[in-house]
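Next up, some structures in structure tokens.
In the two complexes below, subunit A is the common chain; its partner is subunit B in one and subunit C in the other.
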Partner chain A sequence: MEAHLDIAGVGKRFRQTVVLEDLSLAMRKGEFVSLLGPSGCGKTTLLRILAGLLSPDGGRLHLAGRDIGRLPPHRRNIGVVFQNYALFPHLTVFDNVAFGLRARGTPREEIAPRVRRLLDMVRLGPMASRAIAQLSGGQQQRVAMARALAVNPELILLDEPLSALDRKLRETMQVELRQLLRELGMTAVFVTHDQEEALALSDRIAVMNAGRIEQLATPAEIYARPASPFVLDFVGQSTALHGEVVEAGDGRLSVQTAYGVLRAQGHFAKRARVLVAVRPERIAPRPAPDAEWTGIDLPLAAQTFLGSRRLLHGHLGGGDRAIVELPAETEISGDMLPISWRITDTLVFPAPDVAE
Partner chain B sequence: MTRLGIGWLAVPACVFCLLVFALPLALLLLESLRDGQGWTLDGYRNFLGSAYSWQVTTRTLRLAVLTTLICIIIGYPAAFALARARGVWQALFVAALLLPLSLSVIVKAFGWTVLLRSNGVVNRLLMASGLTDAPMRLIFTETGLLIGIANIFLPFMVLPIFSVIRQIDPRLTDAAATLGAGPIHGFTRVVVPLTMPGVVAGVTLVFSMSIAAYVIPTLLMGDRYQTLSTTIATSFLYLQDPQRGSVAGVVLLVLSLLVVGASVVLARKVRATP
Partner chain C sequence: MTRGIGLAVAWFALIGCIVFLLAPLVVTVGVSLSPSPVFQLPQGEISWRWYERLGRLDGLLDSVLLSLQIAAFATAVSLVLGTMAAIAVVRGTFPGRETLATFLVSPLMLPGLVIGIAMLQCFRALGLRDALPSLLIAHVIVVLPFVMRTLTAGLSLFDFSLLDAARTLGLSYPKAVIRVMVPVLAPSFITGGLFGFLASLDNYPISIFLTDVYHRTLPIQLLQYLGESPDPTVAAVSTLIIAMTALLLIVGDRLVGLNRMAGV
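Entry: the complex of A and B
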């Protein structure tokens, strides 16, 4: 099947700095893809390039079979929900939502019913004649959604649309947003630096770093099988220990770390420098019971109680870190805790350069 | 401190405004309703009944309206250029706009009499560029007056519009574009409405200053070009007719308020047009 949105080899540099490097990404119709990364990773630049607000140095953009690479923003038929919304302060809620329809010369008699339907959809029907300044943050966010959807775009771009809201409201809005876009079958690109938000909303996540996509996969896969130490570190928490391969063969590894020899799976040469990692909820608070498990004795530094869970933080040096997630009722005492996990749950990466 | 306590702090300013602004206006109004014998509307009757007064009033109004229009036409794009200029350029432009304000109006008006002479810089430029063969008569003509007065009042149009443009979120035009608005639609429906407060401020300043201008018309047109301001001056200074002067003063004030009020209403309309 042909991709609905096809980004091929897009690059962008500002003076000497490479902001996007030969980036490609294809999306199905109706798919929700998050661009997740720290600030400065190029995710907002990519969004602006898609919207036509910034021109790339090279590459091609196709949307619904149309080459949009050279079209100005007003011909692309892409809706954008801006960070802080960029609502028109001089217009009412109704006129904000109607703006795109009027700009396209939609007949007057079609505008009112369409705007009303969208306002009902975002539950702002009674607010139609309000001024923007009279609305709360969450309401403004919904106006911005309705405004972007009113023109029935082929693609909607969301630039951290929830970041200005407080935590409770943000979680409610996440659910609403996802439901609304799914009902409309809307293809969406969602820019965020909040990994929880990306995990909760996305069909697929593109984890970006330094102008490149480090990994493009489903949320479950990103979490369970991070493609690089950067993804491991940026999405979710993890225990990560540096070490050297001391035995290798048959897809099985033994790695010497500062806290003992760990067994893992993977293909590395003997003497290779590697990073061994495991997710916190995969860890059990006991010594390895059999050959399917591997583990260390963990010096404990602190505990954090999170209601349903309890997090144990290890006291490690030399760039190593450890975090263990246990049910809240687990009683832990003492300074040392034997921990272990299944060999199949172990993640092994080539050790990142010391410079990083 | 209580709310009332803070409110008292405004008393000196209010008293000052009353004494310096409201009281003289009230006295002017009283003076216009009085002659040697007592209260009368004769002053207004005479003024409104005189063809000459009407001529002076329409001339004054035309001068102020044309000056304001010229300042908008030149000043509006200039304010955008100023807002878009970067770094040193912006500082230079602002300096070029502000420095003339530190000169007396009289000096500037004299400057224009020199520039507008038949062998002045303006005429030499016109002839050198081949636009005219012989020197144009500019000094003591309304064209010359408009060139001079518009130049002198232009900063008062540019600066308020400039300060409003600087506050407009550039993402608003991005948003308009992504919604399908071409550059012209986005400009007329988003940028122009949002600059209206600046335009109103500029119009208020330029209109009320040019309708009351005294020095510039006198120097660039001479005594025979009578405006409401010169009428006020001659009434008080030469004719010793305070009633006539006061009536002209009240008429000037009312016209000024009417036009400024109308510009506010018009701007609200533009702003609210979706």
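Entry: the complex of A and C
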């Protein structure tokens, strides 16, 4: 099946700095893809290139079978929800939502019912004649959504649309936003630096770093099988220990770390420097019971209580880190805790060039 | 107790200021309505004779039209130039932006006489001897700082992502500027334009160096009447100017709000 949005080999540099490097991404119709990464990773640059507000140095863009690479923003039929919403302060809620329809010369008699339907959809029907300044942050966010959706775009771009809202409201809005886009079958690219938001909303996540996509996969896969130490570190928490492969063969490894020898799965040469990692909820607070498990004795530094769970932080040096997630009622005493996990849950990466 | 006294002093000072500001205006309006041929407040009887004389006054209408034309031209040119300069100053990243901004507003701070003499010498050196183009150019310099000042203030608060939003919603860049930037910045345009227009209309020290017998702006013409035949006709003209200014301010207030106009 042909991709609805096809980004092929897009690059961008500002003077000497490479912001996007030969980036490709294809999306199905109706798919929700998050661009997740730290600030400066190029996610916003990519969004602006898609919208036509910035021209790439090279590469091709296709949307719904149309080459949009050379089209100006007003002819791309792409809706954008800006981070600060960019609502027109001199217009009412109604006129903001109607703006795109009027710009396209939609007949008058079609505009009013369409705007009303969208305002009802985002539960702002009674607010139509309000000024923008009279709305709360959450309401402004919904006006921005309605405005972008009013023109029935082929694609909607969301630039950290929830980042200005407080935590509680943000979680409610996440659910609403996802529902709304799903009902409309809208294809969406969502830019965020908030990994929880990306995990909660996306069909697929593109984790970006230094102008490249490090991994493009479903949230579950990104979390369970991160493709690189960067993804491991950026999405979720993890225990990560540096070490050297001392035995290798048959896809089985033994890795010497500062805290003992760990067994893992993978294909590495002997003497290779590696990073051995495991997710916190995969760890059990006991010594390895059999040959399917591996573990260390963890010196404890601190505990954080999170209501339903408890997090234990290890006291490790040399760029190593450890974090263990246990049910809240687990009683832990002493300074040392034997911990272990299944060998199949172990993640092994080539050690990053620069130690953290 | 001390607080009460302080409050009383403040009120007294406020009323004093209002009286001080209003008194000359009231006297001017009063004199223009007096039948007496010397400057005197009306003694019971009101007369429109000085207003009737206006129509027969030699050259008055010409000077009014000239001043209005110059002010309108200078304001229009300044709005365009000032907007572009303000965008460059606010959005640009070149070195010396601050200095340039200050320089463009500096005619407000320089004595008009200095600018007048400088412009006269400059125009002579360039071989420009005609009064009208000299006046037009000089008045752009009178109006431009007002426009620059209000627009740099307005633009520094303007969210340029509004233009991006308008473009993604289906407007080309020029249309986005007209449909979004112009209305959002309307208060700055109106305020800067209005004050600049009034400053041009009122300008004496620069114009005096550049006029000739055929081109006398209103303030210069008025001062000449005052020298030739000091009768209350001048007060009648002044009253009309006061009325026009008041009208402009009321219109401006309706459009923008007087607080915002004064607050620039």
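Keep this in mind: the second predicted complex is superposed on the first by the 354 of 356 C-alpha atoms of A that agree within 3 Å, B and C clash if a C-alpha of one lies under 4 Å from a C-alpha of the other, contacts with A are read in each partner's own complex, and residues count from 1 in each chain.
Operating definition for what follows: a residue touches a chain if its C-beta (ideal position, glycine included) is under 8 Å from a C-beta of that chain, and two chains touch if they have at least 3 such contacts.
These numbers were taken from a predicted model, which means no experiment stands behind them.
Bringing the complexes onto one copy of subunit A puts subunit B in a clash with subunit C. In the overlay built on the shared chain, the residue A:Ala351 is in contact with neither subunit B nor subunit C. Judged by the touch definition given at the top, the superposed model places A:Ile78 against both subunit B and subunit C. In the superposed pair of complexes, A:Ala284 makes contact with neither subunit B nor subunit C.
By the document's definition of touching, both partners, subunit B and subunit C, reach A:Phe88. When both complexes are overlaid on chain A, the residue A:Arg104 reaches subunit B and subunit C alike. In the superposed model, B is the one of subunit B and subunit C that contacts more residues of subunit A. Residue overlap on subunit A between the subunit B contacts of one complex and the subunit C contacts of the other covers 51-53, 72-74, 76, 78-80, 82, 84, 86-90, 99-100, 103-104, 147-148, 151.
Taken in their complex, subunit A has these residues touching subunit C: 51-53, 72-74, 76, 78-80, 82, 84, 86-90, 99-100, 103-104, 147-148, 151. Against subunit A, the residues of subunit B that register as touching in their complex are 169, 171-172, 174-182, 185-186, 189-190, 193-194, 271-272, 274.
Residue ranges on subunit C touching subunit A, taken from their complex, read 159, 161-162, 164-173, 175, 179-180, 183-184, 186.
By the touch criterion given at the top, residues 51-53, 72-80, 82, 84, 86-92, 95, 98-100, 102-104, 147-148, 151 of subunit A touch subunit B in their complex.
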